[in-house]
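Take a look at the structures below.
Both complexes below contain chain A, partnered by chain B and then by chain C.
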Partner chain A sequence: MLTLSRVSRRYGETTALDGVDFVVPENTYMSLLGASGSGKTTLLRLIAGFEEPDQGEISIDGERIDGQPPHLRDIGFVFQNFALFPHLTVAQNVSYGLRYRANAPVSNENEIKDRTESVLSLVGLSGFGHRAISAISGGQRQRVALARTMICEPRVILLDEPLGALDANLRARMCDELKAIRERLKVSFLHVTGSETEALTMGDKVAVLSGGKIVQSDAPDTLFSHPNNVDAARHLNAWNIFEAGLCGPAMGQGTVAVRFDQIDVSAEGEVPDGRPWLRAKYLTGEFNGPTALSFFRAEDGTLLQVIDHLSQPRLPDMVEGQHYDLHFAPDAARQFHGAA
Partner chain B sequence: MTALSTDTPTKPTHSPAELREKQDRRRAMGLLTPGLLWMSLFMVLPMCMVVYVSFWTQTTFAVESTLTTASWERFLSSSTYLSAIGTTLRVWAIVLVATVVVGYPVALFIGLFVRNKTFQTALLVACVIPFWTSFLIRVIAWRPMLGTEGAINVILMKLGIISEPLTFLLFSEFSVLVGMTQIYCVFMVGPITFMLGRIDPSVIEAARDLGASFGTIFRRIILPLSLPGVMVGSIFVSVMVLGEFATAASLSGRKVNLLGNIIVSQVGSLKWAFAAVAGVVLTIIITAVIALALRIVDLRKEM
Partner chain C sequence: MQSRILRPTLAIYTAAFLLFLYGPMIVLAILSFQSSDGGPQFPIRDWSIYWYQHLLGLTETSRVSQLPVGDSLLRSILLAFMTTVVSTILGVMSAEAFRTKFKGSGPAFYLIILGMMVPGVLVGLGMALLSNTLGIGRAWWGTSFVLHVVYTYPFAFLVMLAIFNRFDRSVEEASLSLGVSPAQTFRRVTFPIIFPGVLSAMLFSFTLSYDEFSRTLFTIGSQLTLPLAIYGTFSVEIYPNIFAFGVLTTLFSFTLLVIYGLLMKRFTAKAARFKGQEEN
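Up next is the complex of A and B:
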């Protein structure tokens, strides 16, 4: 179990991490969702030991690891750009850790060969050992990077936007493979990403990093349907967030979040009884295939989105520039108090 | 019957691909011509001339174009000249090793440990500052440093480490080696710094994450990745040191005779054929050294 408590990191005037409390349980695929610049890479670099926290503690199974040099921490790090050794072959890259680590290096060539081959077959690259790094594709490099990290059997594997450098098709396939590989290895993965779909698909648990803090850490479905705060809701890219005052006195004070798919639209003044509503101007629609997004501008300028599934259309025909009433079931709204 | 003609037009027109190819070839020729002209006029032609002249007949005051191998025989049978080859090779090897030993750590610091690009450039420029004075001044400046009354002897005597001035410091092979190392070191630092600067920092972090200590990372990752820089630096230093004569002339007190010094003195006494022999020998040595360097590191992979 990897535990971070009250971890802070500042660069001059800017605070990258501000008292992060975070737990990665044993044998878990943990996703860490954060916008670019939210400090996710900093968090990984602190865990791996490339940088040290200004405050706070990092420990694995109760043993403190902050302050230890990175090569003695026994933590795997898969880089976004893979960071393979360009002058070595695939097999030499993969066996690097076994051969040259300061702690218990393996010198038996047969053992190195066997373990290299078995980890290469685990990532689906049997028979690629003799290839040069420049002679394999992006997806294969990703696998070599993963194999190189896994062969040392680290206590936790950190993945820094591991799919960012791959094309969309490959990304979907690597998603499934990463999950399957992790289940076979039974080691915890901490996967950092800026994509909410990737985080929700991959994670057994998803944590949201915002403003230098972990704002929520939950199972993906819980996080998606019950974000605890505005920041978490905003990162999911599925919630309209607006001032309660826009709905009149019905919703009281504070900030309200309603999911894109739980808002209905009707002509002005035709809202069914008992449903809170707000008035907004229809801006434009966007057709995405199976779904269609409609954009509205509320009176205070907030942008609102309504999603419509083609199989079950529920929006009326709308004219750009006209005002409509957007309404939702009272229990569909999540209300947050405090600053948005 | 009017059928649609399926014949291609018989008029000999060129396809766009052919035209493009022609244009590219013309451009390549245009870019190559000045260099080719220059090299053939001022390098290939004179080289052939040197080889030719080395077989001319040398008399005391003149040289005539009757072919003979006399100059070669005299050169290859004289222990003075053969030992000059030995001295040249020895000085070259020692200076090469010294520039690597002194230059590599400097390059390692500038290229790998200084991550600020501006500071990096400033440090590299600082390495070039000595070149703002003339070559001869830089060489001669070693005399007040190394001489019997020079700075080093005075300091060592004041500190009581030695009682007599050290005489091997100046007008010896040692002073030639020191002078050459100082002058040519920067040609080693530059290429190595460049190669080290190209190493992706995350590659080094990855090696560290895999459990390797800094020493291992240096041996297994940093050194192999910077070797092409060492090779390019070595080629620069080799070419310059092998053809050297000025440092030896002004710092050795005429005790160290390099092939370059022989050429200078033979040309000075109008022994053209003999100077040509030394020139050909020197050219063969330099060619061999460069061929060897290129064999050790495949520069094609680094371009």
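Up next is the complex of A and C:
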């Protein structure tokens, strides 16, 4: 179990991490969702030991690891750009850690060969061992980077936007593979990403990093349907967030969040009884294939989005520039009090 | 329109440049094949390899004494070799240090660079005075060696600095995260990747030291290096044996360059792979 408590890191005037409390349980695929610049890479670098926190403690199974040199922490790291060793072959890249690590290096060539081959077959690269790094594709490099880390059997594997350098097709496939590989290894993965779909797809648990803090850490479906605060909701890219006052006095005060897919649209004044509503101007629509997004502008300037599934259309025909009433079931709204 | 004027102009300029670059060397090479009774100028009386034989002591005794370069040549090569080793090691180490901004790194940088900026005559003279004051004997392996290092180290340092500038640190971090110690990481990852740069730094140090003149002049003592020994023969009278020697040393330098080129080619093939990795 990897535990961070009150971890802070500042760079001069800017605070990258501000008292992060965070737990990665055993044998879990943990996604960490954060916008670019939210300090998510910094968090990984602190855990790996490439940088030290200004305050706070990092520990694995109760043993403190902050302050230890990175090569003694027994934590794997998969880089966004893979950081493979360009002067070594695939097999040499993979066996590198076993051969040269400070703790218990393996010198028996047969054992090195066997373990390299078994881990290469685990990531689906049997027979690629003799290839040069330049002679394999992006997805294969990704797998070599993973294999190289896994062969050392670290206590936790950190993945820094591991799919960011891959094209969309490959990304979807690697998602499944990463999950399957992790389940076979029974080691915890901490996967950092800026993409909410990736975080929700991959994670057994998803944590949201915002403003230098972990604002929520939950199972993906819980997080998606019940964000605890405005920050978490905003990162999911599926929630309209607006002032309760827009819906009249019935909603009370504070900030309201309603999912894109739970808002209905009707002409002005035709809202069914008992449903909170707000008036907004239809801006434009965006066709995304199986779904269509419609954009509205509320009276205070807030941008609202409504998603419509082509198989079950529920929106009326709309004219750009016209006003419509957007309404939703009272229990579809999540209300947050305090600062937005 | 533009290229109709520009291209011929640049072509002529390039031709002239090459002519001035290689002209002296070509003249020297031609004159080295002068016959035994010919002088160090045109016309060529007869083609012969007499002066090459003379240089190597293979001729009958002649009125021209043999060029006293044997020992000084060995001395120069040895000195250049020592300088290369020390300067390159220093250059790599200090460039490695400059990868992290440390306190006083600004002044330290300029202090290192000063070694190649200060006029050689001044440094040489200063060193001569200093060694006199301290009662240290002047020698090619002592006072001259120190100045050669002071002179070539900044070049090696700058080459390595440029190499580290575009070095992707994440491969080192990857190695650390695999449990490999910093020292092993340098040996197994950093050094192989920067090796082409190290080769360039070595080539720089060697050639600069090999034909260093002004700094050596004041600090050499009695046993001369090659440039000084050759200069010494000028004061008597010039014979084509110097040209023959020039041709041989040029061939020697050329051999060094070819070795450098071959080694580079072998390692840049790997560097190209590295680049491919970034592009994905």
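FYI, the second predicted complex is superposed on the first by the 340 of 340 C-alpha atoms of A that agree within 3 Å, B and C clash if a C-alpha of one lies under 4 Å from a C-alpha of the other, contacts with A are read in each partner's own complex, and residues count from 1 in each chain.
To be clear about the criterion, a residue touches a chain if its C-beta (ideal position, glycine included) is under 8 Å from a C-beta of that chain, and two chains touch if they have at least 3 such contacts.
None of these values were measured; they are calculated from a predicted model.
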Fit or clash - chain C, chain B, common chain A: clash
Which of chain B and chain C A:F50 touches, first, second, both or neither: both
Partner chain(s) touched by A:R141 [first = chain B, second = chain C, both, neither]: second
Touched partner set for A:I133, first chain B, second chain C, both or neither: second
Broader residue contact with chain A after superposition on the shared chain, chain B or chain C: C
Which superposed partner A:R297 touches (first chain B, second chain C, both, neither): neither
Which superposed partner A:R101 touches (first chain B, second chain C, both, neither): both
Partner chain(s) touched by A:R279 [first = chain B, second = chain C, both, neither]: neither
Common ground on chain A, meaning residues reached by chain C in one complex and by chain B in the other: 48, 50, 69-72, 74-77, 79, 81, 83-87, 96-97, 100-103, 148-149, 152
Contacting residues of chain A [partner chain B, same complex]: 48, 50, 69-72, 74-77, 79, 81, 83-87, 96-97, 100-103, 148-149, 152
Chain A contact footprint on chain B (complex, rising order): 200, 202-203, 205-213, 216, 220-221, 224-225
Touching residues (chain side chain C, partner chain A) in the complex: 168, 170-171, 173-182, 184-185, 188-189, 192-193, 270-274, 276-278, 280
Chain A to chain C touching residues, read off their complex: 48-50, 69-72, 74-77, 79, 81-87, 96-97, 100-103, 132-134, 138, 141, 145, 148-149, 152, 154, 165-166
